[in-house]
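Below is a structure I'd like to ask you about.
Note that the chains are named A, B, C, D, E and F in the order they appear, and that numbering of residues resets to 1 at the start of each chain.
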Amino acid sequence: MQKLVDGIHRFQRDLFSQDQQLFETLVEGQSPLALFITCSDSRIDPNRLTQTKPGELFIQRTAGNIVPPYGSVHGGEAATIEYAVSVLKVRDIVICGHSHCGAMAGLLDPGSIEKLPAVKAYLEHAEATRRIVEENYGHLTEPEKRLTLTVEENVLVQLESLRTHPSVAAAVGRGELKLHGWVYKFETGEVFGFDPDEAQFKPLADLAVPVDAQVRTLPPI
Amino acid sequence: MQKLVDGIHRFQRDLFSQDQQLFETLVEGQSPLALFITCSDSRIDPNRLTQTKPGELFIQRTAGNIVPPYGSVHGGEAATIEYAVSVLKVRDIVICGHSHCGAMAGLLDPGSIEKLPAVKAYLEHAEATRRIVEENYGHLTEPEKRLTLTVEENVLVQLESLRTHPSVAAAVGRGELKLHGWVYKFETGEVFGFDPDEAQFKPLADLAVPVDAQVRTLPPI
Amino acid sequence: MQKLVDGIHRFQRDLFSQDQQLFETLVEGQSPLALFITCSDSRIDPNRLTQTKPGELFIQRTAGNIVPPYGSVHGGEAATIEYAVSVLKVRDIVICGHSHCGAMAGLLDPGSIEKLPAVKAYLEHAEATRRIVEENYGHLTEPEKRLTLTVEENVLVQLESLRTHPSVAAAVGRGELKLHGWVYKFETGEVFGFDPDEAQFKPLADLAVPVDAQVRTLPPI
Amino acid sequence: MQKLVDGIHRFQRDLFSQDQQLFETLVEGQSPLALFITCSDSRIDPNRLTQTKPGELFIQRTAGNIVPPYGSVHGGEAATIEYAVSVLKVRDIVICGHSHCGAMAGLLDPGSIEKLPAVKAYLEHAEATRRIVEENYGHLTEPEKRLTLTVEENVLVQLESLRTHPSVAAAVGRGELKLHGWVYKFETGEVFGFDPDEAQFKPLADLAVPVDAQVRTLPPI
Amino acid sequence: MQKLVDGIHRFQRDLFSQDQQLFETLVEGQSPLALFITCSDSRIDPNRLTQTKPGELFIQRTAGNIVPPYGSVHGGEAATIEYAVSVLKVRDIVICGHSHCGAMAGLLDPGSIEKLPAVKAYLEHAEATRRIVEENYGHLTEPEKRLTLTVEENVLVQLESLRTHPSVAAAVGRGELKLHGWVYKFETGEVFGFDPDEAQFKPLADLAVPVDAQVRTLPPI
Amino acid sequence: MQKLVDGIHRFQRDLFSQDQQLFETLVEGQSPLALFITCSDSRIDPNRLTQTKPGELFIQRTAGNIVPPYGSVHGGEAATIEYAVSVLKVRDIVICGHSHCGAMAGLLDPGSIEKLPAVKAYLEHAEATRRIVEENYGHLTEPEKRLTLTVEENVLVQLESLRTHPSVAAAVGRGELKLHGWVYKFETGEVFGFDPDEAQFKPLADLAVPVDAQVRTLPPI
């Protein structure tokens, strides 16, 4: 604990003055570029990874970067998403999974979470991920590949889940919000993004930023 | 969005190599010092504030740094806390509120969240905060002071709520986990910690790290 | 009530013998072509509309043909869908809204359902529909057109919601299940289907049966 | 799927004109005789069974014709019932179970639904049925008889559950709504109704339509 | 508080020895005659009213003697009922309302509970009571009579709700458990019991103890 | 059952007149000294134990004297507590466990409650108790001591849970409500109270009535 307190003193002494002016401006309010949803994992530092400054990223972090479908739990995820979209008017939401995710490892090994009732209950919101991996990828038995696949499929499952949130559905429908699925491989520094046209994850550099959701024409009847 | 992608490229080109060795070690697993629970607010960068490196802070972020009592929602908060305490064996949990918190402002002004059903539902887990401010501090009418007070009381309310989580109750009971309530005033860089002996928030520098929960002796009957 | 009883006697006397052999075969079990999800509205007769025989359509009917997202309610919708997909292995699911739907009219006029707490609670699963109509179609004020639009958007919203059900997500992912959005205009006998390529509803006759969900290739990382 | 589309074309070409006038009248609204609650099973066609026309039967169908008690789930069952009773003012509600019901078979064989979490959760609303069969009919071991008994007891259990719905309780209390428990044996075309006086199911023909709920006199105190 | 402590000392000094032998026997376990469900109201003393000794009455008390339907809340009511019926094998359950009940007064006056969210949420399990009074007794405007009626109807509503509990449904079905609805008028010491045959409450002295639930014969099909 | 009815007649004939005047005063309303939360166990008679008269104790009783955290269940516990604190303005709340508690015995022996789903679900609100005993007192294997310890720890766990209720948190915060943890050993008539300073249970006679919750000073920032 003392290490955190010492770190804060170092921040106050050496670094705060650099951003003091920015922080003072931010007293008036925040206007972040995006909502960044990622895992609580200590190996991820979203601001450092994206080189963003205070005020630029609205960040939601819980174990496994899970987004329960709207209405399933009146928890922090729904509130944070609604606040980001309806109040802060963010234009992009990124769901960012990561390599070696402990939550996804737990999903693949139910025995390991048997004595963790809250984790187990939460992973029910990744039950679609689990079934996709179990039912559709039975041939993929190599453990590390299987975990990587799970992390990727989970990002896609949580993106579907995100679409059930009314604020998201409405904003996507009028072309004011885009959704992105990423996977961060921290040990190489690489980030992969999902390309819906090719239906696969590709290095972010190779990815055209996806345009989500065609505006639909008025009803014919 | 392009700004995030550019930032990632900059991180990969200029910064990743600094920590490459550390990241490779972390493939084996994480062993964070603490669970840090704070708001999704874009003006907070927990790693920069505490000058911690990858692997050191397990971070939970939702709007308003709210911790629903155990059993009230099967959401990410309970799972993240249980994972941090029971699996990662963190020794400290910090709940860190912050100045100018939009969620707490919404709590004080129900009209402003009337059309935000998910935010409204989530803030019911800060209903104790709202009642404390309304019933016990009627005389404190100056808006900014009232918001600051709300942020502080909410940290204390969420600490009580945290104690209802079984993993926390058990670890605190055997002296292996300590709980801390902080408020971060981003515009000055100050951090205040709650001192239970004096029942007030004080600058972190002046605060003896609190020893939580006396071990109780065996039953007399 | 007597009318129903009389009808049954008429069925037993005049019609049962036609299908007796079929019914006897069906004792062994059912193997329906599709799961048909529609409103409880008395003006819809799914078997007559599709000219299907006993054993061909597995049918789910509640007010408003709403499909709560997975995990939001442990109700009949989730169980019926899981049974249809995982046990009966249906290859198609149709969500079929209809013209002049009372549930959708209630969604547009909250005052009319103020004293119907169960209806009101259920329509929260169509909150995305309500917000899409309110936020994205403010200019469409003609009541009948607005109701038609709501019926259509609701079919699309419930399709998204359907995708969060694990059995559906997995079966769609491996190309064994297709999802269809229809609107039945009972007063003309017309049925419209949603064409995802053109992002609009079209007469069923003009609609190529949609192939849902491209199979994604294996993970590159 | 093509079969459904072809059926619709056949309906439009050959049958719609028969009822066109009726359908046009129904644009003004529906006024059904009864709410008919039955299983999603594809072997049941409620309109054909009762020889009813469009506009006559309001129909609720989920797996196992289960009616969760009021307040237990904010799902389609409660909303559909409330809409039928409070808005459409139906005078009768029929809960109609059926022979060879897969949901009831699942209730008797928990192992068979172990991997169907949504079905399992839903069948908890038939837990009273399960306990009645297990605790009170231990001697009845012949599988087919046991399933028939379960179907019957479940109709009675769901009738009790139906009475907890406020709209139903109030309408029954003032003598404006009657409740009926039926079992449909599709392979013979027979329908059995529960006779509360004799406490058994009897062929519908032999059954006096039950008068439910004596109006109670004013309080004596 | 001191009054309670003094009372306990008085009990220990003057009264405990009277029952000491009984209490020592009860260490082996309890075998109560009945489960007595009543309001938390301080004006009710169930043991004194029924002149029962320690070990004779298993008692459940919450505001308004409400019994949420099975499955609606995983709260103390369901657990207490299940424990009483399945473990302790009680042969009778009494739901006992009382005159001047504050919870029922709140039900009739929603404005008075607007700022009591937990009370309001709980009274939703008496929504059937509220609708019965509102819809069926509009002519009964005299406040005291209206409250008495509400107390009575609520006892009947909660009895219906009690029947949805699986342990109760099964035990009643085999004739091993009887249910009773009472109202206690504390200011006169009178107790009224519901007579199902005459569909009214009568002084307990005039009431034949009701035999609940005819055993039904085996299925005819 | 006849025994209860006979007891009531005895009460009416012999005892009612003693308190008639008191009961008549109580028609105007109750103003209890305290909310007394205890187990449904038939061996506890709170009024006799504390020698209190009608009107003095507001009593909540469910199996295991469990208080689910606020928001976890919309059940009778939350409503009863809110009513006692916000409406009746009680100044003290006692949670009183007891020796030989069957609910706590069930908590220690999960196998014994496997077929009691409602009891099992309710005991999840004592999961913190279970984990404290399992994780922190592994060395305490003597069954009776282990049960006594569980009863005591559960009183403390439920006290923490009680603090999450907004009405309680606010009233404690302004010094108008005190919380007390007791254990009643019925076979000896002893009552033990928790002494927070010494962190152990002590005979009530030796216990200074605890002053709960220091009033905190205004925020420094």
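A few comments on the model shown:
Just so we're on the same page, a residue touches a chain if its C-beta (ideal position, glycine included) is under 8 Å from a C-beta of that chain, and two chains touch if they have at least 3 such contacts.
The UniProt protein names, listed by chain, are A, B, C, D, E, F = Carbonic anhydrase.
This is a predicted model, so every value here is computed, not measured.
Steps from chain D (Carbonic anhydrase) to chain F (Carbonic anhydrase), taking the shortest chain of touch contacts, total 2.
Minimum number of contact steps separating chain B (Carbonic anhydrase) from chain E (Carbonic anhydrase): 2.
Greatest centre-to-centre distance from chain D (Carbonic anhydrase) is found for B, with centres as Cα means. Legend: contact pairs of B-F compared by residue number with C-D, A-B or D-E; the interface matching in over half of them is D-E.
Inter-chain centre distance (chain E (Carbonic anhydrase) to chain F (Carbonic anhydrase), centres taken as mean C-alpha positions): 19 Å. Between the Cα centres of chain C (Carbonic anhydrase) and chain E (Carbonic anhydrase) there is a gap of 43 Å. Each chain gets a centre from the mean of its Cα atoms; for chain C (Carbonic anhydrase) and chain F (Carbonic anhydrase), those two points are 50 Å apart.
Within chain A (Carbonic anhydrase), the positions touching two or more other chains are listed as 68, 70, 73, 99, 117, 124, 127, 165, 167, 190. Round the ring, the chains follow in the order A, B, F, E, D, C when counting starts at chain A (Carbonic anhydrase) and proceeds to chain B (Carbonic anhydrase). Chain D (Carbonic anhydrase) contributes residues 68-73, 99, 124-125, 127-128, 130-132, 134-136, 140, 145, 148-149, 152, 157, 160-161, 163-167, 169-171, 173-174, 183, 185, 190, 192, 198-202, 214-221 to its touches with chain E (Carbonic anhydrase) in the complex. The touching residues of chain C (Carbonic anhydrase), counted against chain D (Carbonic anhydrase) in their complex, run 1-12, 15-16, 20, 23-24, 26-27, 29-30, 32-35, 40-45, 47-52, 54-64, 66, 68, 70, 73-84, 86-87, 91-92, 94, 99-100, 102-103, 115-119, 121-124, 165, 167, 178, 180, 186-187, 189-191, 204-205, 209.
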